[in-house]
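Lettered A, B and C in written order, each chain numbered from 1.
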Amino acid sequence: MQTENVLEMQGICKSFPGVRALHNVSFTLRKGEVHGLMGENGAGKSTLIKVMTGVYEKDAGHMMVEGKPIHFRSPEEAQDFGVGTVYQEITLCPNLTVAENMFIGRGRYAFVNWKRMKEKTTQLLGSFGIPARPTQQLSSCSLAVQQMIAIARAMDMDCKILILDEPTSSLDEDEVRKLFSLMRELKSRGVGIVFVTHFLDQVYEISDRITVLRNGELIGEYDASSLSQFELVSKMMGKALEDVSQMKRREPSARDGGEPVLEATGLSSAAGVRPFDFTIRKGEINGFTGLLGSGRSESVRAIFAADKVTGGEIKMNGKKVKISEPIHAMKLGIGYLPEDRKGDGIIADLSVRDNIVLALQVLKGFFKPLSRKQAEAFAEEYIEYLKIKAPSTSTPITSLSGGNQQKVILARWLLTHLQYLILDEPTRGIDVGTKVEIQRLVLKFAEDGVSVTFISSEIEEMLRTCSRLIVMKDRAIVGELTGENLTETDIMHVIAG
Amino acid sequence: MTFRSMSDRVESSTRSRGTGWIRLPKTVYLVAALLLAMAGIASAGGSSEKAAATSSTPSSLIKVGIVNLPPAESGYRQANVDDMNNVFSQANGYDAKQTNTGDNSEQIAAAEGYIRDGVNYLLISAANATGWDNVLQSAKAAGVTVFLFDRLIQTDPSNFQAAVVSDMRAEGDRALNWLLSQNLPVYNVILIRGQLGSAAEVGRSAPFLKAAADNKINIVADGTGGDSWSPAEARKVVEAAITAGKDFNVIYAENDGLAQGAVQALDAAGISHGKGGKVIIMGCDFNRFGLRNVQAGYWNFTNQCRPRQAAEISSWIKAHQSGAAFPSGIIYQKEIYADTSNVTDAMIQDQGINADPGKGVITK
Amino acid sequence: MARMKSYGSQLFLPLSVLAILILVNLIKGSSYFSISIINGALYGNIPNILFGASELVILAIGMTLVTSSAGSQDLSVGVAATITSAVFVWVLLSAGKITWITILAAFLASCVVGILIGTFNGALVAALNVQPIVATLIVYTAGRSIAFLIDGKLSPILANNLTYEIGSEIPGVPIQTPIILTAVFVVLFAVLLRTTNLKLYSQSVGINQRAARLNGINPVRIKFLAFMIMGVCTAVAGFIAVTKAGRHDSVNLLKDIEMDAILAVAIGGSSLYGGKFSITGSIIGAYTIEVLNRTLLRLDVDPDAIKAFKAVFIIILMVIASPAVRELAGNGTKWVRDRLGGAVQIPTAIGEDAAVDPKSDISAKKEV
């Protein structure tokens, strides 16, 4: 029985200044199983994984790999023991080539055989069906492809323990299928896989067992077959929660037929989106949907001038306006929460406070800084309002969990009193509880008369919140669904048709 | 192309009136572009060739090629370059060209060019002391007479006719002898050296270090102005000595700038100096401001480091025309010193280097 | 309250380094802090340090700003200050009469030139995306020749009472003028940071240019502005340097000061890759360098060995300031606190705010 466990962790504790991230947590991983690690924002999943992989040293507790007690002091050590990881945020080097990324930090030799490296990479990419060339710069690949490269890299390292931290959040369904078949293949070879995700369906589809963490503590370990979705969610939330799927779909309100707030005609951008028309009315929630790479993000980016606008016209409240820089959009009362939180959203080293007041501060102008007191008051107000978990307003935003970072950016835009808010994947990579909160907030904004464009990879989420969906394919709008036609099947039909 | 693309960027960034807190007029960018061009010219101008003669050159003129360092290197070099241009002028019967660059390979290329042009004489002040063997030999083969000035080259003495240089060691001796002739009861000296290891520093320090070893003087503080002969550093050396309560009555600085910095420290601390003062001030280089300070009794002494070798070389060339033989080997220039008793306006005008603040003006 | 603590912790290292240096000086002689009045002005080690470091302090401030937004350093500061001071001298001497008015006019002219140089560097960096170290290398390489030409190929002399008083002391004022000028500059800069969003903007641009742009900040302008402010810094530093020197030496004025300015930023705890910065830290860093130089002189280190000593000391400094040691120091503090069982609150030197935030302490206790 002992040897069946490839990884055993007992009584793991880990604290950071002011934050107790893990308290007496145990976790076992068997050979050839997929073990779902579940928990809300800040439950301690990421910390536990970082302890497993030697990024953090545990403060207390025992850890055994294949029955042997070990203590990882660095990721390299963990790697030597066969622990491979693919993190939620891609941690490869964007400015190196695919092949270099595949092999960087792995060789124990001073010299590189470039030719062999290239051949090996070509072979790996081929076997996983990854559409990339070995000599291509990693940053030129889509996020999904980068993710798959990271997985391929880990898989190539003969690991016994593979940790996948939110691997599917940027993959479309087809890619998820491929990943799952790979995971099953690895399972059959006896690899133990730790799988972290926020997609409940996916956990049940692939996991054998599920471990739930909450507030840095172990809630329990369960067989996936004997734990209902509802139970899982309530264990994660720690309270009786109305079933997420029971949440009412939004009824179209009278406002949906209101005055157009923003009308775009023939808009196109340097990011390659084809000229499109788009209108949003006061208090309306609409969404852009489509497969990954369909151009849904690029479209909203064009509205906000996040990418260079190459053509088209925009009318705001019936008046023609010019939006060639984000600041122009901001001045017209438009806010944009970007898809890439790390690269486009947060200002990493700055405090939660600075991150919250940033947009308002810029709108006020260079010579009108908020006083320290004002900024503090605003930050505290919104930390309270959005229930942001932060030790203090001066905590660097990077020490918050992903969901809380997202809420900080949401707060940033709410503070500017906008007319129109664009949310691109606001719920990606964050826990169920926060997801529901964000959906509720979106509905509330609309009640208050704010127009919202909501983009999510989870179609159900969009169906629940949006009264109109714009369907995109190959960087062009292929359809628009409202009312009765607003179902998953209809969307599939439009995309397929 | 560069300007074109830049102005494109300018367009787009001035158009976007974002935060509206600062607007850069296009002229600002234009000036920036101009500055860019200017910088280009200036950096390209690092190696410049100046013709001392006009384009029409009578065949009777003696052709001379001068390879020298750039005048921007120092006040000494500026005086040296001017001196070369003045002496080897058409009026004096020369058709001379001068190349000024601090890059040794550029200097060698220029020397090769002069040899090809068929000059009669090649005058060289080398940036580096090595790497000159080939070009000197080809000069010899072409029958070009080579004189070195100011700086020596590490090569066989047969590769050049003669070299005119300053004897740094003699400068040090001259300063020391002058100091010892003051008949002070005790010599407590602050030594402020120049760039450590440079020929000037080594030569000018050696006699003082030896005198200290022989107990003729005491060196109470031994400092340096660093690689940039920095007056500010010299000031710090003296300030450190003052605040540490050291007793001293002589400051020997290895150039005038260092002496100036040292004196600033004395002034700030209210310590008298110069003629009749507590501390004797000794500089070096014969800067006109230093000479004026000596003349005013604000300093006591400054030592010459002669930047003018042209007249001497010219006299050899003229003598050779009337049949005399060239001197050979290393020839040291005659140099002088100035103290409060011997300094004259004529000396300041003729022998000094750099700007003259004017009679009676003290440069603090 | 929390702010004071977090602020203090950031400055703990540069301050402790400075303290160690001062301790060494005190061991060498207890009269280190003694100040007397000479010719109506304060005299002693402290005034000497403040006097000597004035240009470095000003350039370190500019360097901090450029580093923050552009994520790299300006190598041209010393050379640029040489050019601006050459312009100052040229305008002043061309004016014929030297009065407070002509001095002010010449200074303003030198500021304009400083801003132009900043604009040039800024154009290369911000608009053409040239790496700052490469871009500023142009002025660095060509600048002294330009200054030499402005000087009329001689080193012009400012032998007059007014500029001398600026470079030393004004009769009746007990503090040397460069110290006052530096203080005024620091105050003005503090006012600039207070009345504008310069700090927030340049930090944002330095940390994440893309996100900054998506929040309405124009990164090109911010970098431009940083270089233009640097231009003013060079003009002020050049003005102080040349009035101190009394003559303009295009070859050696403020030579190699750019390296000290960069070092000051590093000692002050700001990342040389840009982003967050601490002006106070850089100022302390500048004074630390000055104290270090003077300490070596006070210890009568052989001139041949001075550079080696300085290098060793800087290595030690950088090791102390390195993130690895900071973390270690943080753990050490934690260790001590754990041993004391939380009975005594030790203000953490290195840890985040959270460590000293009373709220989080309470919540932690609850959970236990």
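Following the convention adopted for this analysis, contacts are C-beta pairs under 8 Å (C-beta built on N, C-alpha and C of every residue); 3 or more make two chains touch, one makes a residue touch a chain.
Treat the numbers as computed from the prediction; the structure is a model and nothing was measured.
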For this session: Give the identifier of the chain nearest to the protein's overall CA centre, each chain being represented by its own CA mean.
Result: C
For this session: Weigh B-C against A-C on C-beta contact pairs and write down the one with more.
Result: B-C
Problem set entry | Between subunit A and subunit B, centroid-to-centroid distance (C-alpha), Å | 66
For this session: For subunit B and subunit C, let me know how many angstrom lie between their CA-based centres, rounded off.
Result: 32
Problem set entry | Between subunit C and subunit A, distance of the C-alpha-averaged centres to the nearest whole Å | 41
Exercise. Residues of subunit A that touch two or more other chains: which are they?
Worked result: 325, 327, 362, 365-367
Exercise. What are the residue numbers in subunit B that touch two or more other chains?
Worked result: 16, 18-19, 21-22
Exercise. So which bits of subunit C are touching at least two other chains?
Worked result: 196, 216-218
Seminar exercise, completed: subunit B partner, complex, touching residues on subunit C are 29, 31-32, 38-39, 41, 43-45, 48, 51-52, 116-117, 119-120, 122-124, 127-128, 138-139, 141-146, 148-149, 153-157, 159, 164, 168-169, 176, 196, 216-218, 220-221, 224-225, 241, 244-247, 249-252, 255-256, 293-294, 297-298, 300, 302-304, 306
Seminar exercise, completed: Given the complex, residues on subunit C that touch subunit A span 2-3, 6, 194-198, 200-201, 203-204, 207-208, 210-218, 275-276, 330, 334, 348, 351-355, 357, 359-361, 364, 367
Exercise. In their complex, what parts of subunit A are in touch with subunit C?
Worked result: 16-20, 23, 304, 306, 325-327, 330-331, 336, 338, 343-350, 354, 358-359, 361-363, 365-369, 372, 391-392, 394-396, 399, 412
Exercise. Touching subunit C in the complex: which residues of subunit B?
Worked result: 2, 5-6, 9-10, 13, 16, 18-19, 21-22, 24, 28-29, 31-33, 35-36, 38-40, 42-43, 45-46, 70-75, 78, 193, 196, 221-224, 227-232, 235-237, 239-240, 243-245, 257, 260-261, 264, 267-270, 289, 354-355, 357-358, 361-364
